[in-house]
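Look at the two complexes coming up: chain A is in both, with chain B in one and chain C in the other.
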Partner chain A sequence: MSDSRKDAGLPPAAGPTTRRRFSRQTWINLGLQLCALVLAFLFTSVILLVAGAPPWQAYAEIAKGAAESLTDVSNVLVAWVPLLLAAAGVLVTFAAGLWNIGVEGQIVLGAVLTTLVLRLLQDTTLHPALIIVLAMIAGIVGGALWAALAGVLKTFGGVNEIFGGLGLNFVATALALWLIFGPWKRPGIGSMSGTEPFPDDLGLPTVGGLRLSLWSLGLGIVAVIVVYILLERTHVGLRLKAVGRNKRAAFLLGVPTWQYGMLAFVVCGALAGLAGGIQVTGVYHRLIPSISSGYGFLGLMIGMLILYRAVWVAPVALFFAALNIGSIQLPIVLKLDSTLSGVLQGALVLFVLLVEGARQRYLRRARVAASSGPGAPPPVSDVGPGAPADIPGEAL
Partner chain B sequence: MTGPEIVIGLAGVLTTASPIVVATIGETFAERAGVINLSVNGTILLSAMGSFVVALSTGSLVLGFLAGALIGAVVALIVAFGSITLRQSQVAIGFVLTLFCRDLAYFLGNPFMGEKGPILSVRPIPLLKDIPILGTMFFKQDIMTYFSFVLILAAWWWIFRTRPGLTLRAVGERPEAAFARGARVNLIRCLYTALGGALVGLAGPMFSLGVKAGWKGTISGLDGLGWIVLAIVIFGAWNPVRAALGAYLFGLLQWLSVVLQPSLPGIPSQVLQVAPFPLMILTLLLVNIGNAEWVERVLAALPERPRSVAARIFRALRVVQPSSLGVPFERD
Partner chain C sequence: MEVRLSDIRKHFGPVKANDGITLTVPAGTIQGILGENGAGKSTLMKILSGFQPADGGRILLDGQKVVMRSPADAIRHGVGMLHQDPMDFPPMRVVDNLLIGAPGRLIPRRSEAMAAIGELAGSLGLSIDLKAEVGSLTLGERQQLELLRLLWLGARVLILDEPTTGISAHQRQELFDTLRRLAAQDKTVLFVSHKLEEVQELCTRVAVLRQGRLVGEALPPFRVDRLVTMMFEREVSPGERAECSSGPPLLRLSNLGAEHGRIRFDGLDLEVCAGETIGLAGMEGSGQSLLLQACSGLAPAIAGRVRLSGVDLTGKSYHHFQKRGVAYVPATRLEEGLVPGLSLTEHFLLTDRKPGFFINREKGRRVAEERISEFNIKGAPANPVESLSGGNQQRALLALVRPDAKLMLLEQPTRGLDVESVIYLWSKLKERCARGEAIIFTSSDLDELLRYSDRILVFFAGRVSGPIDAAGTTVDELGQMIGGGSIDIVAAASAGDPEAAHV
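Entry: the complex of A and B
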């Protein structure tokens, strides 16, 4: 982005949001984001009215579906884990100025490699816990490799990561489908229900009679904390952000730019691959065609919704997970399609982006007015957190 | 396969590729002006659904197509407003819209799934239809396919042979220079983004009221085509004629995969269904790799003869995007 603001130099040592006092400005920003939330709900209500459904009842059903019973809450947490991992992962690539749309395929590849290792080792005498660990590591490697492929295509082939990643998503899904209907098909006939389930001792231990595993929950939370520390408290994170904000300036300052880009891809792919591994070992206990369930794209949406600030990953991902789980029963109770959650999530992100744009525009105007009038107060410095730059000169 | 069968098959390729052609040219307009409208995939789904519902409830194909174009233009204007007026990332807005429009299409289209709506009919052109081979291929089509033929030539003429077209190119390449010469850069960008969006929106009804008649929700087979459109724009080097060739090539490959599948039993159907996507990556690799630094270094190390051959191939394939594509214009 040929923005003079960003050409001026590297971003400050810590994210602008972490050290600033809770000032009036922060309250205003929070209020504006609440405005975006209200607008998104209003918009979705209009859509619901168009579809002939009472909005209030639809929202009540979603809330009920997400929190009525302990099982519902546990299901929300089960969906929270892959969202945490995907969102934390894409924050790393966002920081480096990359659009890792391939995160969806990276989850699938993680699941495929986890399944592969489980299949290879399930009849051996190895301890089940060891097999699970090995399988999850394979998943991490699978996701990282798939992401590295998108990175190589971008770095050495000039294929923009949006198209490379997207194409690889379709390839990964096809691979999973082919395995499920071909070499790994159930005895008899392959079906959309997936591969033959693994024995119980090859799954992550769950709490009580629920589907929730504390292990996967722990992994998800640790991943978010690690990514937060990486981005906000380390030199590596600082350099990553420098590459993302202004590639040329970072290069001139001695940061190996494409290596950092690859690093971001690999870290994100590893987290996505772990998510895939958890979906196999902790949730489905087999490989199913829609193993990624759109969590990768939702992770990207969360990254944009929180305007690329790692502290907000956990609560927003929880909200998204609740919407997803809550809307599952909509077709039964209200005869509405469950994509309503996607409509609401999309409207939220869209309105947050637009409100943020309006805020920045207002600040720009205020600054111009302030610098032109005599004796005016000093210009407002807050220009909002940096979004990944759309780097000019790179083929899209 | 006999001769006449091949001719009819090729005529079918021209028909099935026509929505892709129209959408690709629409996106080419927007990107020529410097705006990437990444929402194509969602826009096509939403306009396919919306126009199908409009045509179904009014019984009018014309209203259906108008609704499709309107939906496309509105979505494109959101991209333009967000990126030009509010200076948010074009990629972010477009990506959100592409997912949002898709879910909206599935949500609102749910009650209309599987209903039987009106379909475009074939309108052979008198006299011309009797020309051997060419008559069957080009002059026994529906109105929108004729429209796509005309659009290819008109868009090429507009972009490369008219004064407004020159301004359009200048706005995408050197907005400062265009501005200095009196062009209202951001207004022009908005207009071409809306025009491009309207054309992308027309692709929706061209599917749901023509090539893939009806609305079948997630199994409509339209999800993913929008991304192919975006890739073909690059393959087409932002030139309507080359882009149309890319779209026809894509249509041809799809047809071949259907025709040849019985004779290739070893390849499972899942592989053939996603074949366009690795192909898309490969194509982008081919047209972009000539720009890579390491390729130049490798070429320099080669002996004279193979080097000149390789360099010529890369140069012929290579595409260079409008230099201000995706870069906001600020009047400082």
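Entry: the complex of A and C
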């Protein structure tokens, strides 16, 4: 697990004596992040030049594609919602020191269970709004259960959550494909375009002629706020961080560690499942094979990019959504693939992590130099996957 | 090799860690470096071993000025440092550990290296299984391994930072013998310690640092009171043995057995009264820590019962024990005790008994400030724990013990602390005893065991002695028991020895 995660996220000491240094440090950090941003754009520009496209025009096209019309802006917001949910979710697992790679599959399972409930209830006399609510709850439960599965594998099976999550992602995708081409196929022939669309009244209400639903937007924003409060203002969040930074010490200090690990998985899975539910009820109105659209992985990237600080989720997710929507134009206008947004997003994450890594190195050197007392640099405490009740070796 | 440090300076902001230190150590010397925590001895050693550059001053080896930019650089010049915590790779074999730091080629020549190291070990009277995994070695053996590695890489100046912390008395003796042999071969040894008796026993010269300056040098015979005065600018008296009146029975172990790996004990009967302090003596790894873990629910009992205030807690979880007032304080501070990255305030918030849902930062800070002043921790509430010095981390660990704890289980509570910190910590602990808390602690320091315990259990090769009265025991007697002499055995190691259980 990366060093930067362990060291990041804690505000420096802000006592009266250190306040001046603190603000200077903030400026330096901000400058470094800006530096990373510039480097990412430079890197992407080089790629564009190699591909024979004028970088400036490409960026202009992306900006135009994301903000030219009201429809563009609303589409950006539509893409913003699942990113908000996924990124907020992975922040919870990151806090507990877990790499929930399985977030992608959790979105799929959320979508599958939402679809299931909609299919079961669409012909009943229940009020459509009630059906939607039930379907969304089913989606939340689906995502949470899929995440809990990864958690159980980790806690009781000793399967690293990265491998467990990766495996479960494949299973989730396979499950969705099987449903689309099997039991839930359209009358006649199953197709990549997904299941039979649901009637309009089983979709979230949208604004005017746009695809944007204020309900889903609201849910996304509320989720981010809730996660922020959870991590920064509650004892639950503090315990999650303690588990993430030193599982053994947290256990000895009285935190039920594996339970908190599971809690992190379940909270993240619930948010991912909600994202899946929103994709079904608010965007596609059916289950499609690529229902998660990579939002889970993008959420992980956002989590890393913002160095696990919840305040930054909303703006960075918006930026990523704008890149995604903006680059849809590129193939038509510049004969470039729309995956250019992915290149830029990936480059951003890499450069931010690189700059952060360099900063941590510098800080650690300064810290090691500053500690004249006995003792080695802070130990790397990777408690690793495993039994919740493992006892340490008897004095080595 | 002769080491000459000339006007070494190192500043960290306003703190002058080394303020113009000049020191000459002739070849073949075992040079003691004394000083309390923060006196600058570690900084000086880190500069000499290439871990950090000095701001000013010169290092001369055999009269040649050298510049060392890294530990690898230092070892090329013949300077090697043995750290307090072993810096090795536990899951790897001994021989591979040795090869890692060696200037190698693509394919390491194991057999060649093994022969060379075996010879080296033999010449020093050390025996080490080169094919064993490092993780299976004791701390003392890992230290020998590191020592061999440095010598094999050509170290002619050896720096040892608190090398006797956490190793057994026997291993300490082996280490000292080895160091004497090395000194006889004209190697130079710098021995950093705050254990005066060790310095007295081993060193042929002593330098005392205080606040970044060299405040004095001494040749044997050393006068301990003078060294203490130089270290602390005053005489420190450890205080008299505090007698305690034992209260009602608090912890009762009956026929208790526990097992972890090779370590095991059986048939232990013990009653601990409120206000009592029980010391656990014995060679490292003889089962003392296992007993602490069995008393805290961390290690399951394989036989017998554990009762606290009359309630049977056998088989309950650690957190259940904790709720009942049992506090376990591990020996390793940043590995097991504290959460690096969290501040002192956050640690106190974590251990809040009635936390509620939302964090009350104001209350957290207040509690932190109270405990910081109560335990004399040098640090602010917002400081991350890893920024504190070792002694202050230890104080923080003890400050985290809930005020309503009834039984404190302390694993090596004063490991690596200077005399003054030890005295301070014990005064805090004894205050808690006076309020009716009981303490069980492990230590490898016989003086500490005798001074602060009411009764002592001695562990030897899986056997546990009956509780002995600390007041009526001398260091020599205790030392002999730890070494296996005349133990009045009430518990026996294994089923294969059923007789002993009834002696």
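Keep in mind that, in the parts below, the second predicted complex is superposed on the first by the 342 of 396 C-alpha atoms of A that agree within 3 Å, B and C clash if a C-alpha of one lies under 4 Å from a C-alpha of the other, contacts with A are read in each partner's own complex, and residues count from 1 in each chain.
Note that a residue touches a chain if its C-beta (ideal position, glycine included) is under 8 Å from a C-beta of that chain, and two chains touch if they have at least 3 such contacts.
Remember, predicted model here, so these are calculated numbers, not experimental data.
Contact with chain B, but none with chain C, is seen for A:Phe156 once the two complexes are overlaid on the shared chain. By the document's definition of touching, neither partner reaches A:Lys64: not chain B, not chain C. With both structures placed on the common chain, the touch criterion links A:Ala249 to chain C but leaves chain B unconnected. By the touch criterion defined above, A:Ala347 reaches chain B but does not reach chain C. Once chain A of one complex is fitted onto chain A of the other, the partner contacts of A:Thr173 are limited to chain B, with no touch recorded for chain C.
Looking at the shared chain after the overlay, A:Arg211 reaches neither chain B nor chain C. By the touch criterion stated above, A:Phe297 is placed in contact with chain B alone, chain C being left untouched. In the superposed model, A:Lys185 makes contact with neither chain B nor chain C. Note: residues 392-393, 395-396 of chain A belong to the chain B contact set and to the chain C contact set alike, using the contact criterion stated above.
The touching residues of chain A, counted against chain C in their complex, run 6-7, 9-11, 13-15, 17-18, 233-239, 241-242, 245-246, 248-256, 367-376, 378-379, 381, 389, 391-396. Chain A meets chain B in the complex at residues 1-4, 47, 50-51, 99, 101, 153, 156-160, 162-164, 166-168, 170-171, 173-174, 177-178, 181-182, 297, 300-301, 304, 336-337, 339-340, 342-343, 346-347, 349-350, 353-354, 356-358, 360-361, 387-388, 390, 392-393, 395-396.
Across the interface of their complex, chain A is touched by residues 36, 38, 78, 81-82, 85-93, 95-97, 99-104, 106-108, 110-111, 224, 227, 230-231, 234, 268, 270-271, 273-274, 277-278, 280-281, 284-285, 288-289, 291-292, 294, 319, 321, 323-328, 332 of chain B. For chain C in complex with chain A, the residues that touch the partner chain are 10, 12-13, 15, 17, 37-38, 40, 42-43, 51-52, 83-85, 87, 137-139, 142, 161-162, 166, 192, 260-261, 263, 284-285, 287-290, 293, 298-299, 317-319, 322, 328, 330-331, 334-343, 346-347, 349-352, 355-359, 380-384, 386-387, 389-391, 400, 411, 416.
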